[in-house]
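Note that chain A is present in both complexes that follow, paired respectively with chain B and with chain C.
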Partner chain A sequence: MFGYQGKILHVHLDTGETRVEALPEEIYRKYIGGVGLATYLIHINTKPKIDPLGPENVLAFASGPLVGTFASMGDKYVVVAKSPLTGFIGDSISSSSWSRELKRAGHDGLVIHGRAENPTYLFIDDGNVYFKEAGNIWGEDVWTAEEKIRGELEDKNVGVISIGPAGEKLVLFANIMSDGRHAGRSGLGAVMGSKNLKAIAVRGTGSIRVANLRELSKLCLGIYEKAQGPNTEKYRVEGTPTNVLSLNAHGCLPTRNWQQSTFESAEEISGAHFLKNHTVSVTACSSCPVACAHNCVVKGGPYAGAAVSLDYEGLYAMGPDCGVGDSSAIIKALELCDFYGMDSISAGVTCAWAMECYEKGLLTKEETDGLELTFGNHEALIQLIHKIAAREGIGDMLASGVKRASERLGRGSEHLAIHIKGLELPGYDIRSLKTAALGWAVAARGGCHNRSGAYEPDLKGKVDRFKAEKGRGRLVMESEGRAAVLDSLTMCKFLRACLTDFYPELAKLYELVTGFGMSGDDLRRAGERIINLKKLYNIREGWTQKDDHLPPRVMEDPVPDGVAKGSLVTRQELDLLLDDYYEAQGWTRDGTIPKEKLNELGISVGE
Partner chain B sequence: MMVTVKFFANFREVTGQAQVTMPNVSSVRGLLDELVREFGQRLSDLLYDPQTGELRDTVIILVNGRAITLMEGLGTWLEDGDTVAIFPPVSGG
Partner chain C sequence: MQRRFIVCDPAKCKGCGICELACSAAKEGVFNPLLSRIHVVDLGSNGGPISKGVSTVAIACMLCDDPICVKVCEKYGPKIISSDEEKGIVSADASYTGCDKCGGWCMKACEFGSLTLNLKKGRVVVCDNCSEEILVGEPPCVQFCPHDALSFSAIEEVVEGSESETARKILQEFSRVRRESKGVL
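Right, the complex of A and B next:
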């Protein structure tokens, strides 16, 4: 095969058994790779209604067909499992040379079954799989774990993904990390921790063939050139923190647990501020032509030496959402999330909820272990992050995410919990972004800005962002399809603006890599199939229409400030938007998938 | 008649200003003409596609928080006290 290796590696941690499964060509054509392939793998390798942290849950990793080839433009892997945070599909993507190593070792995907008796790490060395004792790295942060594993294997280039102490302690929003990047959302680090699996190291020395190198080179060079142009300039210059001031001007910057939509200290935490005061280098992920990672360091003061690769979402969660306008403190808080291996969005939003609970008297000082949890108190925020990672005191309740924490606390705190399906929300106030509100409500993995770009029509002024109306369902559906295709080819979404004609151009790229005939329309159909496959998994796990919801605050508390003042999403508006979306998808009025739709898309799993 | 203009990201970099006030401009087109006159070719390059002369896709302009694409585009009328914000599209994270 070209682009693919045609094989999936299965590893059983409980028995030590390994086996290689050859997948039929049809599966690759249907599900492309990445998120499509990994979703297919969890469908057929798990039973419904299992405990996400039990040994029956599997972790499915997959690379995309472009990984390791000239067309990669960012080597990424996808990991999918039942999420312990949401109880639905958990899928997360990270850039890493690990995905290229796995493919060069001969595998398009890896499925981890069972639970190891003792802390273990795996070493996949081309065709061999070694189960290694991980007692000496259990408890270590990911940086140390990666270094020790590379030292033990005497190979500084071996690809390593690992979990930190948060994953070991089953913090439900623990992530998986490698090369300083994160498979951040959905708590899949806790699934890895539940399996006693600290890390997976891979060394691959095989080759990856492409069908038409000459034509592929021409096409890719055109995209590479555009990747240096104005469409990606914002990522290269200030990076995604540039969003802080833009969203503030739109009145969409969630502040103090979404009590406000503008932040008075936005200038002090803007992209320009970080660039001037903290950025020491800008680097690229493996094989990426853009380079957006702004590596920031604190140069003085109490947090001197703290360092992080800064992205907007973590910045929002630890900054405005916690009322913190001190850029050094934000870097420190994010560094700790990396150190422990936790999703900074979920961590920040959960801390912001605790702060509001404290300020409103729903949490007493005794219950916060003596912490003065007021908004803006970054010393307390930092103590709280330590406690969450260790599941100590109040940290134990917060380590289960804002949905469970609010259910446990009660006292009306559920109204303040900013999540959808249990996944804490990213940094766009969707009360005045009505298309995005729909996109977030229906996203299979919960409150998420990456499984559709549904904020784009709102923020580009293609639609009236303050208005809910028919037609938004199709916009969200189309946006989800495009995201599913990128996540399955595993191409960075920052490159989407460099494509002239999205589906035909990507189909051509796919065809030149794999040699499989693929039209633009075929690829669009594959995206639709993958969205349906994810939804089918959720239905199997008990999804009902009430799970396509918005946080109470978004529907009941109007935006109090800024240009979006007065905005919210009413029940009537959400119902209109959901009806429109389900209709666009060809689903039933209650949002389930009719059998004819599954047949039309050629989906046969789960029967 | 006075309009406040706020620049963000690369627009702030090119103009060297976070905010300016402009007198006697009645439309967004007129305002951009004045701004180009004041800040020069680099701002013009950032705003307009040199081949078509049209506003680039990578430019977002809001008048009092509302996108001009949903009003009269460059022909959107401005009134005394309006705030115009100019920035690149928001995306990613």
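Right, the complex of A and C next:
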């Protein structure tokens, strides 16, 4: 095959068996790769209603067809499993050379079954799979684990993904890390921890072939040129932290657990501030023509030496959302999240909730283990992060995410919990971004800015962002479809604006790499199929319409400040938006997928 | 004649590795960094929160005046590496397939880690500036580098006077890291 390897590796941790499955060509054409392929793999390899942290859950990894070639625009792997945080589909993506190594070892995907008896790491060395003792790295942070594994295997170029102590302790928003990047959201690090699996090392020495190298070269050179043009300037120059000032100006920068939508210290934590005071280098992920990773270091003061590759979402969560306007403290807090291996968005939003509870008297000082948990107190925030990772004291409650923590605490704290389907929200105040509000409400993995770019029409002024109206359903549906295609190919979303004609150009790339005929319309259809496949998984796991919700604060507490003052999303507005979206998808009024729709899309995994 | 070779500006290199893919695609028709004649080296990556080090650089053949690889191959090896003064390149006899049986003297001797053993061919390969290919414009690695870090230049165009010694030391440091980090080859 071209682009693909045609094979999926299954590893059973309990029995030590391994098996290689050849997938029919039809599956590749239908589900493309990445998130589409991995979602297909969990559908057929798990039973409904399983415990996400039980041995019967599987972790399905997949690369995309473009990975390993210069058309990949950033080598990424996708990991999908039932999420312990949401109970629905957990799909997470990370840039990493690991993805390319897996493919060069001969596999498009990897399915991990069962649970190892003792701490283990896997070493996939081309066609061989070794189960390695991980007792000596259990408890280590991901960087140390990576180094030790590379040392033990005597190869510094081996691809390694691993979990940190948070994953081992089953922190429900633990992530999987590699090369300093994260498969961050939905707690798949805890699934890996539940399997006693510390890391997966892969060495692939094989080659990847493409169907039409000459034409592919031309097309890629054209995209590369645009990748250094104005459409990616934002990512290259300041990186995503540039969002701080622009969202603040839009009155969409969630601050102090979403009690405000502007932050008085925004200038001190702006993209320009980090660039001037902290950025030491800007690097690219494997095969990326953009280079957005802004590597930031604290150069003096109490947090001197702390370092992180900075992105907006983590910055929002540990910064404005926790009322922290000290850029060095934010870097330190994010470094700790990386050190322990946990999602900084979920961690920050959960800490912000605890801070508001403390300030409102819903949590006493005794209950916070003596921490003065006020907004802006970064010393306390840092202590709290340590406690969460160790599941110690109040950290144990917070380690289950804001939904469970608020249910456990009660006292009206549920009203302050900023999550959708259990996934803590990213940094866009959706009270004044009504297309995004719909996108977030319906996203299969919960509150997420990556599974649809539904904020784009709002922020670019293509629609009236303060208004809920018919037509937004189609915008969200189309945005989800494009995201699903990028996540399946797998291509970085930062390249999306470099494509002249989204579907036809991507279809051409796909065709030149794989040799499979694919029109722009076929690819659009594949995106729709993948969105339906994800939704079908959620329905299987017990989804009902009430799960397409918004946090109470978004629906009841109007924005108090900034240009969006007074904004919220009413129940009536949300109902209108949901009806419009379900209709655009061709779903029933209560949001389920009719059989005819599944047939039309050729989805048969549910039977 | 003035020797030109692939030069990387560490200030612009982002470590993406696209040059390696462009090279293996152009020379071997497939994507495989192990078959590339240019190699990305990460200087300063020692674990920690920032995965890639302070600087990355890509190194191909430096086309030394009196190449040590040619000398050691002549003295200890199969005598297949030669220097083409006219083209200004070093190359290995394309018909030879026994390099995997040699002690790898050329690879060990090269200060820049520029030679690579191609296991399928059974022969060391080294950057030849794509002189065998019919090129439109610059070599593929230079054309494909999205970050504009690579150029096809003469050493004199890149550094002058005392700076050239510093540049040379930096490159040697990079190649030391590369040699130590070499994986299967």
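Basically, the second predicted complex is superposed on the first by the 607 of 607 C-alpha atoms of A that agree within 3 Å, B and C clash if a C-alpha of one lies under 4 Å from a C-alpha of the other, contacts with A are read in each partner's own complex, and residues count from 1 in each chain.
Going forward, a contact is a pair of C-beta atoms (placed from the backbone, for glycine too) under 8 Å apart; a residue touches a chain by one contact, two chains touch by 3 or more.
In this text, all values refer to a predicted model and were calculated from it rather than measured experimentally.
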Overlay on chain A: chain C relative to chain B, clash or fit: fit
First, second, both or neither for A:Asp557, with chain B first and chain C second: neither
First (chain B), second (chain C), both or neither touched by A:Pro230: first
Which of chain B and chain C A:Thr240 touches, first, second, both or neither: first
Touched partner set for A:Gly461, first chain B, second chain C, both or neither: first
Partner chain in contact with A:Glu21 - chain B first, chain C second, else both or neither: neither
Partner chain in contact with A:Glu367 - chain B first, chain C second, else both or neither: neither
Contacts of A:Thr283 with chain B and chain C, given as first, second, both or neither: second
Touched partner set for A:Ala291, first chain B, second chain C, both or neither: second
Per-pair minimum CA distance [chain C against chain B, superposed on A] in Å: 18
Chain C-contacting residues of chain A that also contact chain B: none
Interfacial residue positions of chain A with respect to chain C in the complex: 68-70, 97, 104, 143-144, 146-147, 155-158, 179-181, 203, 205-210, 213, 217, 220-221, 224, 227-228, 280-291, 293, 295, 297, 306-309, 335, 338-339
Chain A partner contacts - residues on chain C that touch it in the complex: 14-18, 21-22, 24-25, 28-32, 34-35, 46-56, 140, 143-144, 146-148, 180-184
Of all residues in chain B, those that touch chain A in their complex: 6, 8-10, 12-13, 18, 56-58, 60, 62, 64-70, 85, 87-93
Touching residues on chain A, where the partner in the complex is chain B: 230-231, 233-235, 237-238, 240, 242-243, 245-247, 249-251, 267, 271-272, 292, 311-313, 316, 426-428, 449-450, 453, 455-456, 459-465, 493-494, 562-564
